[in-house]
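To keep things simple, chains are lettered A, B, C and D as they appear, and every chain counts its residues starting from 1.
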Amino acid sequence: MIIHMTKNAAPANVEAVFRRIKAKGFGYEVIHGTTGINVIGVLGDLSGVEESYFAELDSVEKVVRISKPYKRISRQYAEGAKLCEKETRRIRVGRAVIGGPDLVIMAGPCSLESAEQVAAITRYVSELGIPILRGGAYKPRASPYSFQGLGLRGLRMLDRARSRYGLRIVTEATGLHHHVNADGVPEKKNVLENVIEHSDIVQVGARNMKSYGFLQELAAATKRTRKPVLLKRGDSSTLEEFLLAAEYVVASGNPNVMLCLRGIRAFEETKFQRYTADIGAIPVLKRECNLPVIFDPSHATGYRDSVGAISLAAVAAGADGLLIETHNCPAEALCDGEQSVTRAQLARIKKEAEKIRRTVCRG
Amino acid sequence: MIIHMTKNAAPANVEAVFRRIKAKGFGYEVIHGTTGINVIGVLGDLSGVEESYFAELDSVEKVVRISKPYKRISRQYAEGAKLCEKETRRIRVGRAVIGGPDLVIMAGPCSLESAEQVAAITRYVSELGIPILRGGAYKPRASPYSFQGLGLRGLRMLDRARSRYGLRIVTEATGLHHHVNADGVPEKKNVLENVIEHSDIVQVGARNMKSYGFLQELAAATKRTRKPVLLKRGDSSTLEEFLLAAEYVVASGNPNVMLCLRGIRAFEETKFQRYTADIGAIPVLKRECNLPVIFDPSHATGYRDSVGAISLAAVAAGADGLLIETHNCPAEALCDGEQSVTRAQLARIKKEAEKIRRTVCRG
Amino acid sequence: MIIHMTKNAAPANVEAVFRRIKAKGFGYEVIHGTTGINVIGVLGDLSGVEESYFAELDSVEKVVRISKPYKRISRQYAEGAKLCEKETRRIRVGRAVIGGPDLVIMAGPCSLESAEQVAAITRYVSELGIPILRGGAYKPRASPYSFQGLGLRGLRMLDRARSRYGLRIVTEATGLHHHVNADGVPEKKNVLENVIEHSDIVQVGARNMKSYGFLQELAAATKRTRKPVLLKRGDSSTLEEFLLAAEYVVASGNPNVMLCLRGIRAFEETKFQRYTADIGAIPVLKRECNLPVIFDPSHATGYRDSVGAISLAAVAAGADGLLIETHNCPAEALCDGEQSVTRAQLARIKKEAEKIRRTVCRG
Amino acid sequence: MIIHMTKNAAPANVEAVFRRIKAKGFGYEVIHGTTGINVIGVLGDLSGVEESYFAELDSVEKVVRISKPYKRISRQYAEGAKLCEKETRRIRVGRAVIGGPDLVIMAGPCSLESAEQVAAITRYVSELGIPILRGGAYKPRASPYSFQGLGLRGLRMLDRARSRYGLRIVTEATGLHHHVNADGVPEKKNVLENVIEHSDIVQVGARNMKSYGFLQELAAATKRTRKPVLLKRGDSSTLEEFLLAAEYVVASGNPNVMLCLRGIRAFEETKFQRYTADIGAIPVLKRECNLPVIFDPSHATGYRDSVGAISLAAVAAGADGLLIETHNCPAEALCDGEQSVTRAQLARIKKEAEKIRRTVCRG
């Protein structure tokens, strides 16, 4: 960490910096310039120290961290290597390997609605050779008056999809609360417990990316099994915050984390784009860490007509997988129908995206 | 709700809209224009219906909601009335009345650090006539390696501040998890339970504004006592999402909600502004709902040198209260020292802000 | 245009709306609902009328435009058609056809620096089979103390590249002012005149997208020749504003406009991304208008290491061309060296991007 | 300027940095740490050197500028001084002194529409004791089909307001083009020439803040008279870009610049806020430079109902002046009627804002 002092910093203020450095057991070196430039380089392992520990002192102009604040997930970036070839952590889920050379598609309805709907979608997802089924049983909804998901009853539908078609399941754990069903009765186990029990990949939604206590309990609860976690980026989180949220899970005991981008909030017109597709983040995440990167084109765009183009773009930029909402009858969806693709669209996306994966991954 | 159909919508698609309307038991009226304009007005109580219920149908161009999606907190806006005079819900906390004519300041350290620190700050907060002490025992930190708060031990320090000086306490509940202390032992009760037990106002942080299951459990747990809730705006939440989050708490049984603005994430340079102070939201919230509005100038700016100016601005714009970070020795703070004001700055802000409150509130 | 009145709008206010409608010679139809819903549909050609013409009237809640405000560039969107196949305006520049089935790459230095630099880059751009050379002679720089470009002297270097290698030239016209050279002498002609004289495509930079008077003079000056215009999106312009800026040029007489995306300003960390790559805008522009879409991955990311991935992503999303900064020795560039790719990187991007173009365009 | 090298930077790369430093005639000092930290402090006057001059070299991790890139407008910030008391450049316009202890209000219509409208508004602006009239003769409009302003005919109406009531005039120069009037005939002089001739303060709009060539011609044309310039912040410009744009004008010969904030583009809902009021920028600009700061609450909010609250907030935060849109009959305005206040609202804003100015400025 490098500390820049203001011009003409009082000796007492410089001393205060030295005291803080020594208080933590670090060494330091100083540079004095003829024009009054004063820089102090702090020496030692500073991963547990924040910039503000120094920045809040008087006469400190700026503190620059040289080492990354996320350590367990960082990549020794091999210049020139193809991003998909080396060093990405591979996470196996059933027959799929996420982070390997093959693109992995996860698809399914936004929210589980009925046994018929789940059966219909499951069937064609399976027929298309897609290995992982998505589907929300617990739905975080902006309005308290909106449909909040089928809860445990929905999870059991996913179990049937697994046993019948061999599909693996990714579904969201929205917290540590006890879901109250439509009949007003709370479920016996909390949401996290239920989701861990019934899923193959535990999804953490964008709204919970910064629920750090929740991330820690999730990691503790999956520490032994290392059940994979799909962590979505908060819609206004910086990439550093995103990487640190993953670091929370890894540092708390579960290394099997995949990062999922799903669009950020910018000034775009919602009639055209619900969120701003953060494709630009893909190569950055690939450079900064060794976790697989998944892209969710459904939330990132908000409109079915953009899902195909953005799916291909994400894969071209290096995404290892796609998380796509599909519906047997989008116009009848209880939630997010506008962004769900049909079976035919899904089939075409899969075919073209795999072709592009081969182009970018094997040259 | 008004449904706009695309030009030349197929009769089957128009029929599909009618079917959905009737399925919910609503009535409707249609307008046909000579240039093919087709608009369908849906008649009935549509508070439980989302725009997307119709928008996802084929040939629907746009759906416009006429009624507000938040009902319990909405204001019958009296044109010309002074915003501070009428119709704001008043929430009493000890001797303070939030939402009444007087400005209410809440101040204290970002995070509770030690008995000495809390004692020193409590004393001067009390001496300045500030009725409510803030202080974080559970700290949501971006890095898993940062200081995570004193937990229950911190809450007990707040109890002493209450009993010794009569101060009321606002502190954050970060979730339903069990906080693990520095010694690695989890606390017996979960964070929410502990905070409810030891606080006078339960703060929900910006990171949890969309943890809807948590909001529902919080409301259920405070339904009987109606212990006030201070709900912070998520840093990228829209105002509609913010109002709906408040509606969650109110609809789940606790009407004593105050809205707290704390800056939004925009493109500003962090060397100048950590967040973008969302002062512009104050008159909007005042028009849209009847809840008191608090402003947090410390997080909204991120720098001590801006806290004074932005405190005054928030009060001038109509805020009912301020939530300010202060530290007896900002340079020694374990967290957010850069944005904590000193005792002298706090005294001056209080004096000038109260003067401005009188100007805007009593003319 | 559909006008939504507030509940219980006074008859006088409704009358005021009718008067405004009639004042423009339009017809209207009204819908009255049992719960007080009042909607007025305005009938006629409303392209010259803004929403605010009605929105500013009392008791008007919302005004919804049904027809697009941009007419000359709009696409009769053929559902199911491949975006690259049909209806995109094709603009021929030398042997390149922009908007046709083949991807068109434009590459060159950010800024023209010296005859040697231009010669070196021109040579390898030509050898790689890239038909269009980019290079800035007039540079909009944030600081008045930065290098402002070689001006006319730079334009003449571009002329040599054209005559020697047959490359066509795209370069930016920064305004109607007279560029002052390093020796303090202003050029005889203004910047627009010089650029029109020496370029094959006139680039309008992001900073000038809303200089509407400039756009009109540019269109007037190129009306006869229809010299193509490459219009960059302003970094905070909405897509509607972008499309309307193109409409300005087309409406003023020059239909040969290509839209160029170059990243928007959001909250991303500049150490990772200078701008946020607006790949999501590509399918939207393709749906909304019939102009070719170019993507500038250099400015959209700001870092050489991301340029490759984002180039491929843009093509996968449907971009018709790429505008890439390259430098024979990026570390010696006078401007934007960090985002310039080397010859080897450019060669690889070209190869892979063309492969992807074939995948998305010919299935 | 401080250069941070990556860990284990190759000696050749370090040498390359030294060469660049020496090439500009600067000195340097180096710090070597035991953990491989390498920092190079560059010594000399670096105002003409950009960070990228070094950043683009290999193995350079980060470049930190210690001195400000804007020099002529920077403030020797006197700690503890009231911002309004000292060191702000005072700009006299008629009887008003902008940057002095008194708040200066500028008010008038968004756009000049007719002699009657201008006369009516001028009269009450004058009666309210407001010294400066605003009003747009050249209007930058998003659509080519919208009303583009009365041009020179409008400027002449402003002349009459000046001669009859002694009001001073601020109006926007939209560029160097020749305005084409409704009859299709271009004006003889270009817009800048006309505006300089007929105004007392030349306004540069947000859309032109980065038209650097235009700023230079404006400064050159007003160098002798030092006619004040009101420079609006671009809606996505950083504060550093804004300050550098002001530096362009000052460095080109006209020191009489006032900075005008008018809202930035963020993700806010346009039904509530057209732009995000950037009140937080006021104390930052006050610290960073010595120019007066004006706030435009009309564009910053977009809605009449918010203009009062945000006017007061801006003054409380330290703004030296307000630029307010007012209309004798907002519902009849040809442009921006929704954000124009009435005479009664303007009178009340003036009274309360002046009271707040006294509170913050004289304690």
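Operating definition for what follows: a contact is a pair of C-beta atoms (placed from the backbone, for glycine too) under 8 Å apart; a residue touches a chain by one contact, two chains touch by 3 or more.
Everything numeric in this text was worked out from a predicted model, so none of it was measured.
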Quickly list, by label, the chains bordering both chain C and chain D. A, B
With centres defined as the mean of Cα atoms, the chain at greatest distance from chain A is chain D
In whole angstrom, what separates the CA-based centres of chain A and chain D? 40
Inter-chain centre distance, chain A versus chain B - centres from mean C-alpha coordinates, in Å: 26
Could you please state the distance in Å, as a whole number, between where the Cα atoms of chain A are centred and where those of chain C are centred? 32
Where chain B touches two or more other chains at once, the residues are 62, 236, 240, 265-267
Under the touch definition given earlier, write down the residues of chain C that touch chain D in their complex. 16, 47-48, 50, 52, 55-58, 62, 69, 138, 140-146, 174-180, 190-191, 207-208, 210-214, 216-217, 234-236, 240-241, 244, 247-248, 251-252, 265, 271, 330-331, 333, 335-338
What does chain C use to touch chain A in their complex? 83, 236, 238-240, 263-264, 266-269, 272-273, 275-284, 286-288, 300-301, 305-306, 308-310, 312-318, 352, 355-356, 359-360, 363
Of all residues in chain D, which touch chain A in the complex? 2, 4, 7, 27, 29-35, 37, 39, 41, 43-44, 61-62, 64, 66, 265-267
